[in-house]
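Next come the structures, one after another.
After this come two complexes, each holding chain A, first together with chain B and then together with chain C.
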Partner chain A sequence: MASAGNATGLKLTHTIDNMIALVQLRGHLDGNSHIAAETYFKMVVTSGSTRVVLDLAQVDFISSAGLRAVISLLKLVKGNHGGLAVCASQPHVTQLLEFSGLKTLLSIAPTVDEGRAALVARFG
Partner chain B sequence: MSSESAFDAAATFLAGLVFFFIGLDGIRLSLKGLASRAMRRRAQRATASPLRAALFGLGFGAIAQSATAVAFVLGGLVSTRFLSLRRALTVVAFANPGTALLAFLAAINLNVATLWLIGLTGLAMRQRRLARHNAAFGALLGIGFLLFGLVELKLAAAPLGKAAWFEAITAALNSSLLLAFIVGTALRLVIQSSSAIAIILIALCGKGLIEPTQAMMVIHGTGIGIGLSVLVLGHGLRGDARRVSYWQVILNSLSASFMGGWLLLAWMGVLPSIIELLSQTSLTIETVLATGFFVQMSMGAVFNALLSATAPRILSRLVPDHAEEELAKPAFISENTSDSPELAVELVQREQLRILRAAPALLDRARLDRTQSTSRSSAALRISLVLLHTEIASFLAECTEQGHAHEASALLVHAIGREQVVGELIDAIDALGTEVSAMSGGTSASTLCGGLVEATDAMLHVLADALEGTMLADALEDTDEMDREILAAMTSDRSEQLESVRRSAASTRFGTPREQAVTLYAISLFERVVYLARRLAPEAAV
Partner chain C sequence: MVFTFNLKVKVAEQEVFEALDQVVLCAAGFGIDDEQQNLLRLSLEELLLNVCHHSGLPSSAVVDVALVLRDGVLRLTITDSGPSFDPLALAAPDLDLPIEQRQIGGLGIHFVRSTSARCAWQRLDGCNVVEVDWIIAC
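Right, the complex of A and B next:
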């Protein structure tokens, strides 16, 4: 399990299970933390994980900058023929993802297990 | 003087003043009509050298008849980079003596010539085949009304001067030079035309109702009035426009102080006054005062010449650079680039990208994420974006007038369509920011609307990145497929999804009726922004 925490109000950790990386975030994904998040996502994908479950259950706020960090991860995994599932149990985070229109490009699931299942169903 | 004749004189005076100002407004309105991009380019050519700038200033001042108006018009030209600041300062300095030329007309009988001017111009304006010159005829008719007002003012001066109340005022003025100076300042603030004040005083002095020295001091006082008036009316100006107006304040204040000080020293017997010097010639007292007024206004040009080397430094210190003003100025399009439609469209795309990069800041006041807020004022930013959009639209309209081949014309028409969408997008983003910022935080409505704002912001960034990518790749085929796919998803039709959000916002548990109304409106605005962004996407057909 790798992790990164910093003074930006966001803590990132990830584990890999069955070729699927589970990236968990805790805190705010906003203008202060989006660069740290993008860097972390890049590290995860370049280390070989092209199927990623992004767990936002403990993210209490996500801004447009945070959304762009998620888009950067989406581009990375798609560019490597992989996929992204976002687990967002908080209604306002789910709503923001829906407003963004990205629903057609990534799976939005209420739990990590369902997110993982969505990726397995799509990529085997 | 009987009360009846005083009443008649007051009516003539008032009517004269009204005709004067109707004429002045008519001239300014017609000048606005002439202020097309092509006209501004002519103005740019007319000020190509310092001498031409000085002559242009004289003519402009003589027609516009207001030092305040001249400062504001030139401020606009400088803001849109049609005139350099240095050149504009010269024009302002010479526009001032231009405004004083009218005072000489008060010394001659203009009655018949004025009536001919009004009659012939009015008839010409009724001719349909001359309709394209209506702006120029409008300016001429304005001059006619202005001169007619002057004639009436002169007619009213003699009987008015015999009224007891008027004698009391002139007696007070004649007793104190300082009072005369202050009255001049106050009159200029109220009447807004130094020429009108000078002409009234010349008429009164010609009838022997006021001492020439006092009349001259009132005229000198108007210089401070011009400065105060420009400061008050130019309160909202920024950047170079503000610098031009400040220069007008500085020049007029210096001129007024210099001339007022000279007259004071002359009154104390230290120096001969300008009136004494001019009276040694065969000039009438009316012409002497008109010349005194002209000299005062010309002092601005003298001070301008003395301070021209340091003027930009002084003004930069008084008015530091402002980001919004820089944004309003076109960075790529210019008058020389409209010959090639392909190049023109490419440069327009670069300007549009500047708008799209800056526009998300209109949402700052409504953001949930304050870390991304800038210190920009949304009102100032909106003005800058609209000004730049207007410049781009005028530029494209001018390009189409050059008679290009069918393919090139189609390219320009497409670009015009896209620019219209950009204009509508600015309005929609601004409206979304305004609506959501008015909501109080911590409610379901503010969270939902905040989400709309954050999603809009992200989409605009992705749109700008995609457009920039297209420009750099120089061909749509080479742009990143993934970027286009993401942009297509973000700008896709969301009506079904938003309909369900609308239904939930319309339920009584959602919030107060006001919160519901604002949320429903914000959803509509969001939908519109998405639709407009879709039309601007690189492969979209507008």
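Right, the complex of A and C next:
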């Protein structure tokens, strides 16, 4: 497992299992932390992981800057012929995913296992 | 009963993030629930960072933030002395574009409009005044 914490209060970790990276975030994904998140996402993808499950279950606040980081990750994996599944259960996060139109562009799953299953079903 | 809170925030990112915590803590003191606190934080971050990034004001300039809870309406008012600019007039992003053509930005003001009961801008006494209202369930 790799991890990064920073002064913004956002903690990021990731593990790779069966060619799928699970990236877990804890804290606020906002204007104060989105650059740290984008940098971390880029590191995960450029390390060779193009199928990513992004676990936002412990993200208690997300803003448009945070969603920009998610969109950047989506563009990055798609550009590398990969896929992204987002796990979100907090109402604030799911509401903004809906308002941003991202629900039609990526798999949104209630749990990590279902997110992983969605990627396996799509990519094998 | 009327609850009011006023804060002056310098046009600098770090000041903005400290202000967010103060305003949201104050809203909690008004009895505002967690879900509504998140919507308040969302609009406040978007509008204050917009002033930081686009107003051209120096970091020593000050933005006035006011939060009032009256008769079941929570109103956020942000006043800055930058050049006349209506952020709420920005066109809504095209959410139907494929990911390759989607702009990275442009969602912030869309969220302010989508998650509030009312939002309005006016130029008053040489200042930009943005109001955002939410209806609070009692």
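Operating definition for what follows: the second predicted complex is superposed on the first by the 124 of 124 C-alpha atoms of A that agree within 3 Å, B and C clash if a C-alpha of one lies under 4 Å from a C-alpha of the other, contacts with A are read in each partner's own complex, and residues count from 1 in each chain.
The definition used in the following text is that contacts are C-beta pairs under 8 Å (C-beta built on N, C-alpha and C of every residue); 3 or more make two chains touch, one makes a residue touch a chain.
As the structure is a computational prediction, the values presented were derived from the model and not from experiment.
Superposition of the two structures on chain A shows chain C clashing with chain B. In the superposition on chain A, A:67 contacts both chain B and chain C. In the superposed model, A:100 makes contact with both chain B and chain C. Applying the stated contact rule after C-alpha superposition, one finds that A:30 touches each of chain B and chain C. Among 147-155, 435-443 or 471-479, the region of chain B with C-alpha atoms clashing against chain C is 435-443. Chain A residues 30-32, 61, 63-65, 67-68, 71, 74-75, 78, 92, 95-96, 99-101, 105 lie at the interface with chain B in one structure and with chain C in the other. Every residue of chain A that touches chain C in the complex is listed here, in rising order: 30-32, 60-61, 63-65, 67-68, 71-72, 74-75, 78, 91-92, 95-96, 99-101, 105.
For chain C in complex with chain A, the residues that touch the partner chain are 13, 16-17, 35, 38-39, 41-42, 45-46, 49, 93, 95-96, 98-100, 102, 104-105, 107-108, 110-111, 114-115. Against chain A, in their complex, chain B makes its touches with residues 360, 367-369, 371-372, 447-448, 451-459, 461-462, 482-483, 485-486, 489-492, 494, 497, 501, 526, 530. The residues of chain A lying in touch with chain B in their complex are 30-32, 61-68, 71, 74-75, 78-79, 92, 95-96, 98-105.
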